[in-house]
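Attaching a single structure in structure tokens format; questions to follow.
Chains here go by letter, A, B, C, D, E and F, matching the order in which they are written, and residues are numbered from 1 within each.
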Amino acid sequence: MIRKLVTGAVVAGGSMLATTAAFAQEVAEKAAPVPNPGNNAWMMTSTVLVLMMILPGLALFYGGLTRSKNMLSTMTQIGAAAALAMLIWVMWGYSMAFGPTTSEGFIGNFVSSGSLFLSSVTPDSTAATFSDEVISEYVFVSFQMTFAAITAALVLGATVERMKFSAVMVFTAVWLTIVYFPIAHMVWAGGGLLFKLGALDFAGGTVVHINAGVSALVAAIILGKRKGYPSEPMPPHSLTLTMVGTGLLWVGWFGFNAGSELEADGTAGLAMINTFVATASAGLFWMLAEKVSGHKGSALGFCSGIIAGLVAVTPAAGNSGPFGAIVLGAVASIVCFLVVSKLKPKLGFDDSLDAFGIHGVGGIVGAIGTGIVYQPVFGGPGDGSTAMGAQVWIQIQAVLVSLVWAAIGTVIAIYIAKLITGLRVSPEVEQEGLDIGEHGERAYN
Amino acid sequence: MKFIIAVIKPFKLDEVREALSGIGVAGMTVTEVKGFGRQKGQTEIYRGAEYSTNMLPKVKLEIATTDAIAPQVVETIQQVASTEAIGDGKIFVLDLASATRIRTGETGDTAL
Amino acid sequence: MIRKLVTGAVVAGGSMLATTAAFAQEVAEKAAPVPNPGNNAWMMTSTVLVLMMILPGLALFYGGLTRSKNMLSTMTQIGAAAALAMLIWVMWGYSMAFGPTTSEGFIGNFVSSGSLFLSSVTPDSTAATFSDEVISEYVFVSFQMTFAAITAALVLGATVERMKFSAVMVFTAVWLTIVYFPIAHMVWAGGGLLFKLGALDFAGGTVVHINAGVSALVAAIILGKRKGYPSEPMPPHSLTLTMVGTGLLWVGWFGFNAGSELEADGTAGLAMINTFVATASAGLFWMLAEKVSGHKGSALGFCSGIIAGLVAVTPAAGNSGPFGAIVLGAVASIVCFLVVSKLKPKLGFDDSLDAFGIHGVGGIVGAIGTGIVYQPVFGGPGDGSTAMGAQVWIQIQAVLVSLVWAAIGTVIAIYIAKLITGLRVSPEVEQEGLDIGEHGERAYN
Amino acid sequence: MIRKLVTGAVVAGGSMLATTAAFAQEVAEKAAPVPNPGNNAWMMTSTVLVLMMILPGLALFYGGLTRSKNMLSTMTQIGAAAALAMLIWVMWGYSMAFGPTTSEGFIGNFVSSGSLFLSSVTPDSTAATFSDEVISEYVFVSFQMTFAAITAALVLGATVERMKFSAVMVFTAVWLTIVYFPIAHMVWAGGGLLFKLGALDFAGGTVVHINAGVSALVAAIILGKRKGYPSEPMPPHSLTLTMVGTGLLWVGWFGFNAGSELEADGTAGLAMINTFVATASAGLFWMLAEKVSGHKGSALGFCSGIIAGLVAVTPAAGNSGPFGAIVLGAVASIVCFLVVSKLKPKLGFDDSLDAFGIHGVGGIVGAIGTGIVYQPVFGGPGDGSTAMGAQVWIQIQAVLVSLVWAAIGTVIAIYIAKLITGLRVSPEVEQEGLDIGEHGERAYN
Amino acid sequence: MKFIIAVIKPFKLDEVREALSGIGVAGMTVTEVKGFGRQKGQTEIYRGAEYSTNMLPKVKLEIATTDAIAPQVVETIQQVASTEAIGDGKIFVLDLASATRIRTGETGDTAL
Amino acid sequence: MKFIIAVIKPFKLDEVREALSGIGVAGMTVTEVKGFGRQKGQTEIYRGAEYSTNMLPKVKLEIATTDAIAPQVVETIQQVASTEAIGDGKIFVLDLASATRIRTGETGDTAL
């Protein structure tokens, strides 16, 4: 659904202001669409829910998985990266991704411009939804801001327990600029490359999860393993907190997925029920997969499945029927389980909290699977106009483009961070924990 | 006097304490410890990484006693704490040169 | 208010599809009601709030009360039971409780049918509210789904620290099918037995709390006591987490109670203020009751009162004035206090986390009390057409029916679970904790 | 925006009922405004969000900062004070602050009356917003109730770890009555002193934060220092929980700030984005300030900055552009940092959790700063009709009035509490912890 | 050499440490323990279930000293840690056969 | 028999344990403790209040051994646990009067 987006938004919101004021006024007098408070209300709620996913949600999910000596470092990196992303978003991010001036020609595939410092936004300007409705543009800006913030934070799951705080800040700023904003534009903006291609991505499977997952992998490889990994045991210091984080992520994800409809309508309802059942299915299937491979169904397995399901249903939320969603959740869960517990130990990299293993892999399964479950034969809302094979091929292209773009951009961003900050803490700090070494505190006294 | 150090399974603590107070042991000091011995721990799995730890939660008792009742204390602990399963723990007896009650400054047997 | 429910829902939503498509279309063209986005927005928010009650809310509330060696087991059982309930709900639960085809005659009192796998639901189908409005049917399905999920999870409070995970799964599946769906139908569906009787149950006092409480009691008795109970002290491992859970339950309960109006109108506002004050009153009165009986007012007492108040105000939320609610909260709190701290120690059963003592008892007080506070003389919204005595008698009948139904159904469900899984963990696993024994993990490292 | 408030509310809601019933009916038949469900939905959501700020938000934020032996005491005091505030609010608080009968003459500057026990409120009565819209009065009552509750709870941050529970209860009851309700009336009600003066306070910078901060300071001074302060180290027992609380406060604050618009419109959207960016900026600037003064940027610093930013943007939320908000957040953060870490150690008082240092000081910076960022030259929504100097002077007057009123009222309230309860726990209880001493429990077992 | 084990009330820890460093005690090792003795614990009530525990939080100090200053160490602890209330704790002295500093491998008195 | 008490840096625990099992030490008991000595702690800052604590997290090992291998145990610990940085810890050896295995009641060397 999101693919129908943003040209409209731009028309209703920003570009009106790009014309002469007089003309704008005239137009406004005639036609100025007024947001229905119900849609605004839902979108503000959704925005708040996505913030809750970051802090405390993701901070707890990731933090519980680290060792207690790195708990504060993990939570602070997430919080501060998100905060930085918010400031950058209002300064140049919104403009680059959804600015009113669509650049001409080739470059317009990748970025827009024209609303630096939100210059074109007022309390009365609006962004179009997918029907004839509009929502307040400030609400749209806020909603999209939280997406940028959480994506930046997700990447850090692969680099915790060893990356300098200063490096996190530099990396985030560069990475958002050269990776996130262009990909968001490509997928969601009217003139964007993948948008024009016809890729389906309801709530950001590509923009958020594949993107974050791949970037996490690349960053983890460049950064190197944690001292002692994998020989030394590094059990999660509090799975209780990880479960709390999981719950909050699930709760918040409804803002993410059902919010992406931009209206409080029946399709938002569809996105909601899909987000429930795909997740429930994925949580249980991960435990089942553990069982089948001879272990006990674990709490962390349940949590991992929940996240895998949420990730996979993200592009499919409004693009699937409930049973497509259940199957998609189950498949994504099993695939992620295999990657994380069978494949990863064989490969050499240290993706500390499995940002790639779950967000990257789950995102790819979801993106491609969306091409399938979208079809009416599987109960999806598609009208069958694009054949399944063709749609899947479009989806694969979108995945590949994001994959390559994210990988290259991350290499650049991480080397810039290395140049400026040195990237990695000293072995002593790593041994002693980043809480004391980087922040001078202990999480628990 | 003797200083007795016993490492036992945590769930035996209450039973042992009751048995000891039955034979007149007025006090003791208890610490949560991790034991390492013949008993093997469960395997824990976190996303495919297996940790098989031999460090098991135990409880350590420290009891200062008179020479007279020390053997009885050892015997009582041994009998009550035993489940006849591996990992039941140990009792160590050391010589205690002196004991002082902080509240009163009393020393020797009466301080226990 | 809920009693006016679901015949309408069925008409607007499902049954339209049950007629011939052509006719339906015609009707749709003339009259198809469109949901107001404001109501949809509120109902989606409410749905999300109820999920938050389960995970992390209830998981923390219950988990904090268990011993640390059973923390993950408690949280995982709650999460997985809820997940299973969601899948079952879309497969056959919604159909049994709110399906478009109301069975004829006697059986129609207990179940409906006709929407297996949500076959009759589309993004455009709607469910009627109590006025002339409608909401999107997917939203209604989601909202009601969370009720089924939390009720299943509530029961587990009486069986934690000793019931096998596999037994929980089997029990949940059977119990929902033979206990929850029929009771939900009886109370809320147009043709339901208790609905026709005229029982007042605004947000599920009977369906959720009495039902869960009684089932919990029966399950606990069959399962037997925890090893060492009551001689061995089993103090809560983290009252901090229990308080966090309490807070989240209170927050989420507004979705439960004010959401049950199905619209964002003044009655939802009434349900909201009642849910505030009944709860506040109950929290303080529990502490007071402790004080009066010679103890210190405790944190756990405050939390217990909060829950008791929430439970009691559930059937009364839109059926009372604020002062009726305050009194109801206080009374429920004192009664639950007496049962939990005076009566329970004298009886032999081990209702580990007082699922019966609070949800069952508080639910009964609330259900009967609703018959009283509903009256206009007590500031309630009733019109006085049904005399107080008559209404109270109806309420008592409803309580009795649910009580008996839940008790018998639970016996069946638990014995099926025993047959298939053995029901209870081995004494060694119980001693060592279910976290290691059942899930192979520790909550804290 | 809030300054345009409550005369209207009173007209639409209460005062209609103050006239003869017959006349009211007639008016109602002609014009009775019906709330848009979208606005009601947003306001109910906002109300729930503010509750989440209190429990679990503030309880965790404050609780994590105390020593573990006082954890339950801290959380219970917050919860119980909030509960008490809710009961008092419906009994006489709403009447005093927003009652339909505006007292004549001088006294009308400070209180209203006429809706004791919410006698004038029904599910159909409404409160006006700032445009032509209305919301259900019960929703307005609930929303405002949560403000009273959180303000009472905020004060306790300065008095934890040594104040008796009973003293907290007495103090809260008196303080609300003589401090909070009058100040709320003065600032927000149509006839209120500061309202008439023209003070800008979008979401309660003066009413909530300056008020709570100053009262906290006064209470802390009268109560005296904690035993051992400042010589004995009292490190926070769980910064993890403090960070969780911080996240929940941020999340909930959108109810506070964007909810204060009373509608889901573009100005609410503006309040939302300002609340994002001011906070993000403040969080990062506190860490920067630590860095600049030679320390490590700390997790607690980040959290403190977040709160300082939220406090400062409260009066400015809908009265500023995003860049005004960023600057305001940064300035407030730095000022609070200096006060809390440089000034406070030099002064003798023990404001245990910096309720004054952050809420008081941040509130003052915000209130005065609002006079500046409101101006169109700084991108604010003001029309420039009041010169900046004049507006700032109005803001300063409002600050001074609240300061003096809160200080005097607190002295009275605390001495009444002392008279009745003795105020402070015994040295033994303080040594051993209030959890055991006052509540008979331990937080962690 | 002597190995001194002292069980004291937790809030006395800082005072004792300061006093000991005043008389030249360079190091010690501190453990959180639970003590069981004459002193009775508060009654805790959780929803009507009463636990009256006699296990009270204490702090255990372990200090290796030369024979020469051992008596002074005992006396200092006794005096500083005493509140003259029940539960103040005990001091036990054991003979220490040898001591080694891990860093350098030094042994005997200089290792302390 | 000897009762060896070693205080070491936490991250050396695994290495020490492996080395000891290499020389045939069957069991030990491990406690998390706080050490106080020459090594100074990091300064922690909470909103302007500076705490410079000298209490550092250490791990204490308790190992009962036969007289025969005691010297070798001490030496092994000393060598493996040493990082040559301040704060590496200490090893104390006490005489052990008797030892009992709770499971079987065996005493003496065979109980270890």
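Methods note: a contact is a pair of C-beta atoms (placed from the backbone, for glycine too) under 8 Å apart; a residue touches a chain by one contact, two chains touch by 3 or more.
Bear in mind the structure is a predicted one, so any value in this text is a computation, not a measurement.
The two copies, subunit A and subunit D, are related by a rotation of 120°, based on C-alpha atoms and rounded to the nearest 5.
Which listed pair repeats A-F comes down to matching contact pairs by residue number; over half match for D-E among D-E or C-E. Looking at B-F and D-E, the interface holding more C-beta pairs in contact is that of B-F. Distance from the subunit C centre to the subunit D centre is 33 Å, each centre being the mean of its Cα atoms. As a whole-number value, the distance joining the C-alpha centres of subunit C and subunit E reads 53 Å. Note: centroid distance subunit B to subunit E, computed from Cα atoms, is 18 Å. Contact of a single residue of subunit B with at least two other chains is seen at positions 31, 44-46, 94-95.
Contacts with at least two other chains are made by residues 36-39, 41-42, 45, 235-236, 295-296, 298, 300, 440-442 of subunit A. Put simply, subunit D touches subunit A in their complex at residues 36-39, 41-42, 45, 49, 67, 133, 235-240, 243-244, 246-248, 250-251, 254-255, 258, 263-270, 272-273, 276-277, 279-281, 283-284, 287, 295-300, 302, 306, 322-323, 326, 381. Subunit C makes touch with subunit A in their complex at residues 35-42, 44-45, 47-48, 51-52, 54-57, 59-60, 63, 71-73, 75-76, 79-80, 82-84, 86-87, 90, 117-118, 122-126, 136-139, 141-142, 145, 165, 241, 435, 438-445. Residues of subunit E that touch subunit D in their complex: 11, 14, 42-46.
Across the complex, subunit E meets subunit B through its residues 2, 5-8, 31-38, 55, 58, 60, 74, 77-78, 81-95. Subunit B makes touch with subunit E in their complex at residues 3, 17, 26-31, 62, 64, 94-105, 111-112.
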